[in-house]
Amino acid sequence: MGILQKFKQMFSTVPMLGWFLGILAAVLIEYFWGYDYISYYLGLPKIPVLFGALIMLKEPVMIPGALAYDLIVYVIPVLAVAKLSSFITNPGAALLEKLPLWLSAVIHLVCFYAILHLWAGINDYRVLVVKLTLVSIILTVSVNVINGYQGEFSCSHPGFMALGAYVSSILTLVLFTNDKIFGTALLPPALGPYLFPLVLVAGGAAAAIGSLAVAIPSFRTRGDYLAIISLAFMFIVKSAVENLNIIGGARGMGGQPDLAPLPVIFFWTMLCIWVIHNFVTSILGKALNTVRDDEAAAESMTVKTRKTKMTAFMFGAFWAGVAGGLFAHVLTYINPGMFSINRLAEILAMVYFGGLNSIVGSIVGAVSINVLGEALRPLELFKWIIIPLILIFVMIFRPYGLISFTEINAKKLLEAKHKRQQGVSP
Amino acid sequence: MRKIAVLTMLAFCTAMMFSSLAFSARKTIIKIGINAPLTGDIPKVGEGSKYAAQMWLEDIEKAGGLEVGGKKYEVELVIEDNESKAESAVKANTKMITQDDVLAIVGPQSSKQAVPAGEVANKYKTVMISPWSTNPSTTLDRPYVFRGCFLDPFQGPVVANFITEEFGFTKAAVLYDVASDYPKGLAEVFKQAWEDKHGPGSVVAYESFTTKDTDFSSQLTKIVKSGAEVLFTPQYYNEVPLIVSQAKNLGWTGPIVGSDSWGSAETVELCGEDCYGLFFSSHYAAAGAKGATKAFIDRYEKTYGYIPDDVAALTWDALRLAQQAIQDAGKLTGKIEKDREAVRDALAQIKDFDGITGKMTFTEEGDPIKCAVIVRINHQGEYEFYGSSCP
Amino acid sequence: MEPLIESLNYILQNIINALQRGSFYAVISIGYSMVYGVLMLFNFAHGDIFMVGTYIGFGIATVLLATFSGLVPPPVIFLATVVITMFLASWIGVFVEVAGYRPLRQAPRASAAITGLMIGIIFETTILIMLGAKRLSFPPLMDTVNYHIGGIYITNVKAMIIIISLLLMLALHAFIQKTKWGMAMRAMSYDFLAVPLMGVSINIIAPLTFAVGAGLASVAGILYGQAYPILDPYMGVLLGWKAFVAAILGGRGSIKGAALAGYLLGFIEIFVATVFPSTLRDFIAYSIILVILTFRPRGFFGMEHSTKLRL
Amino acid sequence: MTALLHVKNMTHFFGGLRAVHNYNLNIAPRQIFGLIGPNGAGKTTIFNLITGVYTPTEGEILLENKNIKGLETNAIAAMGLGRTFQNLALWRHMNVVDHIRMAHYSQLDYGLMGAFFNSRACRDQENQVRENAHRLMELFDIEKFADDLVTSLPYGAQRRVEMARAMATKPKVLFLDEPTAGMTPDELVKMIRIIRQVHQDFNVAIFLIEHRMKFVMELCESIQTLVFGEVIAQGPPEEIQNNPQVIEAYLGKEDMT
């Protein structure tokens, strides 16, 4: 405890910018020396892709090597650079503080993306994992709107996702590719990247419209009954898609153009987080909480509960649709089986693991479940014992999830941390 | 602070020391990726692929490595679980190609994973051989993707022809899983082929269910009522016994015919006597096999305790194809991109490859031209060769 | 006259089919419904408890058949299998309650639901690790005899399934109505707090409820093994979700409702596939459920109360 | 007398059961009006009928001469009918300041898009609401709890949060459902003071249900007595206090605090 406390105190003067600089240093070290020198001398076959987790589980003899790699490439540079550079990053952060918050946040995000891009770019497998994780973040945050903020138990998200995925796939296939089923491209494929946002929005809108099938009964139906309505909705969407041979039915639909590179997905993820954050911290969004905690009181306090419920569903479904669209264009293949019970279990796990009523929690949940899922891959079957066990422990010790009822405070996150604050904040 | 520094240094040194044990200079190792469904809906398929691959590796190791261009190389298998999910198969392929630097990939088995995974393999210009995927789009327009089996559009007519010639029936019923890609595709092809032969409406009942269903009584009642003479059901080994016994209990007396998905030893084990005397089309017939095929079957049975499924045999063939292609490539440069391309070219050139599931030559698309076998389940519960049909 | 009789037979045949299918849904969803009624929990592990119960039944049946076959008449073996399996399986239920749900009694219900889901996955994986990927075939506990009565086919197994399910439900009904434990359960489904006042601890009632539910599920598993004799570790997943639908459709804590909804689900599935093209079965079946709930938002026997997730 | 809130011949049935019969009410601006009656007399039902939780079977309800019968509760509330609840109806997972902010819901018009993209209108209005919320919290002496979860507050403070929340909706008539239930004498005195202050500062009429006679007698200008859904007496406190019917039906049975 003592060491931890000391440790924490030591680094309490490092602003976000400092951490970025530290990570940047680590990534640069990996980029330039990772393959040729460090991993070579440590006897590793290659740069360990997910901090060495895969290789450690597969070949225990590599454990020290992989750990040493992590230490040399990540831990030491990050800590050292972050700490040592604080004399320059703190004034830097102070300078940024003078700018409007949004500008400062955008600058930070751009820095963050640049580092992420560099890190992921070392290996395409990393890129794929990062892409799917970002899509999961959108999905998880959007579920949290309904299951966390609004407190329903909705099981329909795979259905919403499927709607978004199929609608956006059909659009891109019709518009930008020469497809067997839909004929030649209607628009020059070069336009694809520019119109892709519209395609995603269309996918989201389709999901939002579909969500009315769940939202409208929700005026009358409460809690548990809504859970089965939404479950029925999911099965209906799946069955409908299976029966539509024009879009491939059970065979699935492939050949989507590769319109979702990392920057695009990153942009949409940040947009999603920003919009949902705005919404849930505004009074209109807080109305969701009032409906959850006491609907009668909400009504008496002038809250339009029907509109609120409808908004929550359509809003959550919209982002699930966007996530579905991105998902389809990352994998460039979808089939109805992807949007079924398994997906539902995965989504629920991410949301409840991360934390209800919290965007930060959802991000944590999505990232941890995705990374765990990948990192434990070498364990094969045992992975499916370890992940559930972790989840059960989290549920027992933190019933609302790891980080619940917490919102992002951008200002506090980005501010400069001067030495004199040390005494004030423990 | 000092304590931490000292600790860090110590940890670092120990790590260096330990890892020197594992240390070996980067030498060229031939890595073959196996993308198999070890968990998920069809773990048995994954197990078969894994076992076949391990047997293959054993052979190579016994020979002291794989000889390419006069030099022996160590061979390593990278077995990845795709959880029977498409996105997992894509991840597994990406990982094997970009992280593990595999030279070629064998798998995934089911089309719903092979189609998206093939896209990845093709993008990274890495040879992928799917042993079991019969969906045409797996290899379509993908020069780097091959398969080890025939396609649905070939198998459907084979079955239709066989039934017509063997029994002389004109009215058929089909029962298939609408949510699963393989049965659905094959059911459609069969229906088409049957109606081409016997005129529209000759498929008198075309019934479906959904994956994981176990009760087919309403569909079978419909089929019995429709007056069909034969029932075609391209289902997997876990559904066939249920379909057969329920059909019998509902008064079905005609023959039931299946497809290559029946070709698991478990079909008959689970089904018992109900299945004796039924026919299905397949890649190979285990009972009465000769030569290399028999050797493979015997060895597999000895090691793992059961007769290999067709998946195992096809995986074996796919691995041997990959091996052949690597050897044909002449020499390995150690530059993985170049070697992959050489392997691809060599694989496309292979003519009349003598596999245990038949002779194979690849078409432009990377599909083998090979014969289908009609198998009869005899009264000892063995899969007996009954006839064959070649394109 | 001929076609009329024929179509009448056709309908009757499908009613029998639906009764068999519905019996499973009913028995399984009753177990689900009991937990739901007493503890207000979604027991998402129930489908997998059913699966484990079936595997236990498989083990017991195999052992008993190997040792006593020929020595004892088949009905005795059958009965012994049922009794032993029920006993063992109910401990699985108790285990799930104690390990997974008890620590979460004060937590939001959704969290408990997730725990259940995870316990289910652990069960599936454990079975897969222990028994391998091989599917198992449930040994027949009696010889199938197929009766052909005026155009209708019915096997003795089918008849037995329908009858035993009904008997089980009646027995359960008596248990709930007549015994002290049953009454405590009923009381608890009215009011969570009333039971401690009656001098019965929730820490006894809750595991008991799980035990009864698991016992029922395991009997359903044995019957299931007779009707659909192929076991795989994931067999409980879909059934579990369908039981979830039936239990809630039936109304909170209503055994009658759950049974009725179970049969209804069986009938919907069978008859939709009979009347419409069977490819559309799920689509139509779930649309019917959606419509039912839109117009009857409290299920069949649901009590007037507004339950929200206790967040 | 021009009534602010006017209820005429309101009757309501629950199933076949008549809960309220021929109920009439006139509340003038700035009037404090009391409703007393034994348990189960239908007092809260009357509140719920007027505030739109239930729609009365018969009768009419006018607020400032506009019909509000049959409107949704939130619309009625937005028109100027604020209320508190008998058993606190606070939002368990929300802190105090958010409670007060939430009650400004109907006064916002920046729209959903404004909320999503944090438009200028949204920021301006939200800031204004925040200011107003702090003013209200100061007034009700709950400023120090601003960032605490309501469930962690002492009981009296929770009551005050509810009052402040109701006031944030800018009501013309404030309905108080047993505002002193479960309070200690200290808190009670504080409550009386707060109600007086609210009455003065906000210019509202107040309609309250109460059990504690002393409290009603002290505050109200006019009182109705309800028994089995029917008004048996109406008038100023002294009159009610001495009405034999009231004494028999109400005071005789319930013990008076």
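Some points to look at:
The letters A, B, C and D name the chains in turn, as written, and every chain counts its residues from 1.
The working rule: a residue touches a chain if its C-beta (ideal position, glycine included) is under 8 Å from a C-beta of that chain, and two chains touch if they have at least 3 such contacts.
Here the structure is a predicted model, which is why all the values come from computation and not from measurement.
Applying the stated touch criterion, the connected components after chain A is left out read B, C | D. Steps from chain C to chain D, taking the shortest chain of touch contacts, total 2.
Taking each chain's centre as the mean of its CA atoms, B is the chain most distant from chain D.
Here the chain at the heart of the shown protein, by mean C-alpha position, is A. A comparison of the A-B and A-D interfaces places the larger number of contacting C-beta pairs at A-B. With each centre defined as the average position of its C-alpha atoms, the distance from chain B to chain D rounds to 72 Å. If each chain is reduced to the centroid of its CA atoms, chain B and chain C end up 36 Å from each other.
Chain A and chain D have Cα centroids lying 44 Å from one another. Along chain B, residues 39, 178, 210 each make contact with two or more other chains. For chain C, residues that reach two or more other chains under the stated contact definition are 125, 128, 237-238, 279, 281-282, 311. Contacts with at least two other chains are made by residues 92-93 of chain D.
Taken together, the chains touch in the following pairs: A-B, A-C, A-D, B-C. Across the interface of their complex, chain B is touched by residues 10, 40-46, 49, 54, 59, 61-62, 64-65, 67-68, 71-72, 76, 123-125, 128-129, 132, 238-239, 242-243, 249-252, 254, 327, 331-338, 342, 374, 377, 380-381, 384 of chain A.
Note for the complex: chain A touches chain C at residues 147, 151-153, 213, 216-217, 220-225, 227-229, 231-233, 235-236, 238-240, 242-243, 292-293, 295, 341, 345, 348-349, 352-353, 356-357, 381-382, 384-385, 387-389, 391-392, 395-396, 399-401.
Residues 1, 8, 11-12, 14-16, 18-24, 26, 38-39, 80-81, 85-87, 90-92, 94-95, 97-101, 111-112, 115-116, 119, 124, 135, 137, 178-181, 184-185, 210-211 of chain B are the ones that touch chain A when the two sit in their complex.
On the chain C side of its complex with chain A, the touching residues are 42, 100, 103-104, 106-115, 117-119, 121-122, 124-126, 128-129, 237-238, 241, 244-245, 248-249, 252, 279-283, 286-287, 289-290, 293-294, 297-299, 302, 306-309, 311.
Residues 6, 10, 13-14, 17-18, 20-21, 125, 128, 132-135, 137, 144, 146, 148, 153, 155, 158, 224, 227-230, 232, 234-235, 237-238, 269-271, 273-274, 277-279, 281-282 of chain C are the ones touching chain B in the complex.
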